[in-house]
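Labels run A, B, C, D, E and F following the written order; every chain starts at residue 1.
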């Protein structure tokens, strides 16, 4: 990696729809993808709710932005770290999250999952590796 | 029954103004009256006509303007809260020496007394905020 | 003389639900809306928070549940769903509304 | 009391300065005082922090609005209910709050304290007596 | 050292823009550089010239405009966040068919790329929000 | 390689401080600002939250303390005060800043 590349982490700790932070975080990620930095997303605390399957916003009249997460692979955003303890505290498991895949160009374009379930301690280590941390 | 409604947060950022809107629509459909909606705190930002939401999103200001016109709802933006946050009508802009105003159709700027009056004159008061 | 309490915050993020429950009286109604709907789900670390409040009527706003991908099958026992029309009915049939912002 | 008089309760659950709700709540109370309703204020959860003595906002460059509470008596706003449990959880006692007095016109204008420390159960009862509850 | 600063909440409602301001003032006094402040989410509302705070309160927009002029700070308001919330400059107003604009002196509207660029080009990034 | 964590919420209202503490690593610095300063006071129900984190350096922004009428005598043992200049120094002398919003 060139020394011009910084490690950017987008930290998502809030639930979707009640506030706009989750949606506007995703907008930054999409724009940021054009800058060829080393990008990761972290989902912890209520941020894990952003990734639940089956979101249907028809009844509240807001745009359902959850499908956009599945497009992140096309933008080379492939590291979505989700904290296991945050899921468990909320009665969720990995099966409750939508499937988000990317094609690995270093492995003959094999389809691989973008979501990586990590422990709280691993999440803390991920934080400590970053150059720039953006909180939403 | 008469409902008074307070919106305490700005559009898009918080769901409050959306929930309030759906509540008012349903209240009217059920035959209740909603004589006034009072916009306080960041809720005053609902009343700007300068917002340009993405085309695939709802236009919160336009929804309120339209609903108010159809059902004669008095949409009141608190003057004290609006001044701090930069929501002005033509009178206020002139009075404050500002070269522009941004209030949307169907909204009017008035004092906090309108909130108290709403509390007195309605049967139930609902607050939507953060 | 019942109060309708609305809770719009996730109980995993703020203390609003807990404070609401600590101040609600027998016969009061609690309606979880917006991010508050997370408080009505079973199998969480906070599922016990609602236990011991069987003298309250607990509702959750279904459009907010659906938006967040939560199936009604996930709800705690004793929690009922309403739509916006049901929300209006709850406000009309109780004596006052109190928002736990 | 005439039947045109409603019981209005202003519920304060948020700390001052970090957000504007406490200040803008007070602005409603001052305007509302002109309407001759039966007004009470409730301070619970972080709202009890609004009443601490010795607030000095010089360093943060914001206006110190805490002296305004002491003027409420002049507006005939004389019932400030403060929840004991909320104080205790925060390591506070009644002595940490500023003194807020009013002159009782029904008792030869005797000076009396406006702050009434109540238990959580009493606070719940106060909520249940109201016609209009405004939350800040 | 170069600091990048993000303001994520609107003026007066949250203390975030105040704390950010005091941080930037102190950073400059200590000899650091603050080439850019990026206003996102409700933070875009800091950049309206229509606000009229009470005379005994600070004027948050004016504080930033003044500081930026004296220290050549690039005050960038995110275009996507600003459109939703009704913060427009003259170009945007024309482009969107709006009859007024409200951006304050010293602020400019630009894209989210300016936020990423700030993250790349500064040594530390600070976020002030809710 | 230390991180400066900023916490601007009251721990009595939200879970931000707890989550921050659960993710901070030895040698990291925590700075409580705005309503976050309430987390640094002694004699509260939450005073234990900071216990067991002696490998962290805890600071509180003094102008925010003073605004809220909290005397430095109320601070928990081991908590230090800084002014805005000290905040800048903490940001400059750590390797990254993370805001727990």
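Following the convention adopted for this analysis, a contact is a pair of C-beta atoms (placed from the backbone, for glycine too) under 8 Å apart; a residue touches a chain by one contact, two chains touch by 3 or more.
Worth saying up front: this structure is predicted, and the values here are computed from it rather than measured.
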Checklist entry - Can you name the chains that touch chain A as well as chain F? => result C, E
Checklist entry - What is the chain whose Cα centroid lies farthest from the Cα centroid of chain D? => result A
Checklist entry - So which chain is the furthest away from chain C, centre to centre on CA atoms? => result E
Checklist entry - Distance from the CA centroid of chain B to that of chain F, rounded to the nearest Å? => result 38
Next on the checklist: I'd like to verify one number: the distance from the centre of chain C to the centre of chain D, where each centre is the average of its C-alpha atoms, in whole angstrom.
Outcome noted: 27
Checklist outcome for this item: Where chain C touches two or more other chains at once, the residues are 8, 12-13, 15, 34-35, 63, 83, 96-97, 99, 101
Item to check | For chain B, residues that touch 2 or more chains besides their own | outcome: 12-13, 15, 19, 22, 41, 54, 57, 80, 125, 127, 129-130
Checklist outcome for this item: Expected list for chain A, residues touching two or more other chains, is 17-20, 45, 60, 62, 131-133, 135
Next on the checklist: Following the definition at the start, I'd like every touching pair of chains, please.
Outcome noted: A-B, A-C, A-E, A-F, B-C, B-D, B-E, C-D, C-F, D-E, D-F, E-F
Next on the checklist: List the residues on chain D that touch chain F in their complex, please.
Outcome noted: 14-19, 45-46, 49, 52-60, 62, 64, 66, 88-91, 96
Checklist entry - Across the complex, what residues on chain C touch chain F? => result 12-15
Checklist outcome for this item: Listed in rising order, the residues of chain A that touch chain E in the complex are 4, 6, 8, 20-21, 24, 27-28, 31-32, 34-35, 37, 131-135
Checklist entry - Inside the complex, what are the residues of chain F that reach chain E? => result 6, 8, 33-35, 63, 83-85, 87-89, 91-92, 96-97, 99, 101
Item to check | In the complex with chain C, residue positions of chain D that touch it | outcome: 11, 13, 44-45, 120, 123-125, 127-128, 130-133, 135-136
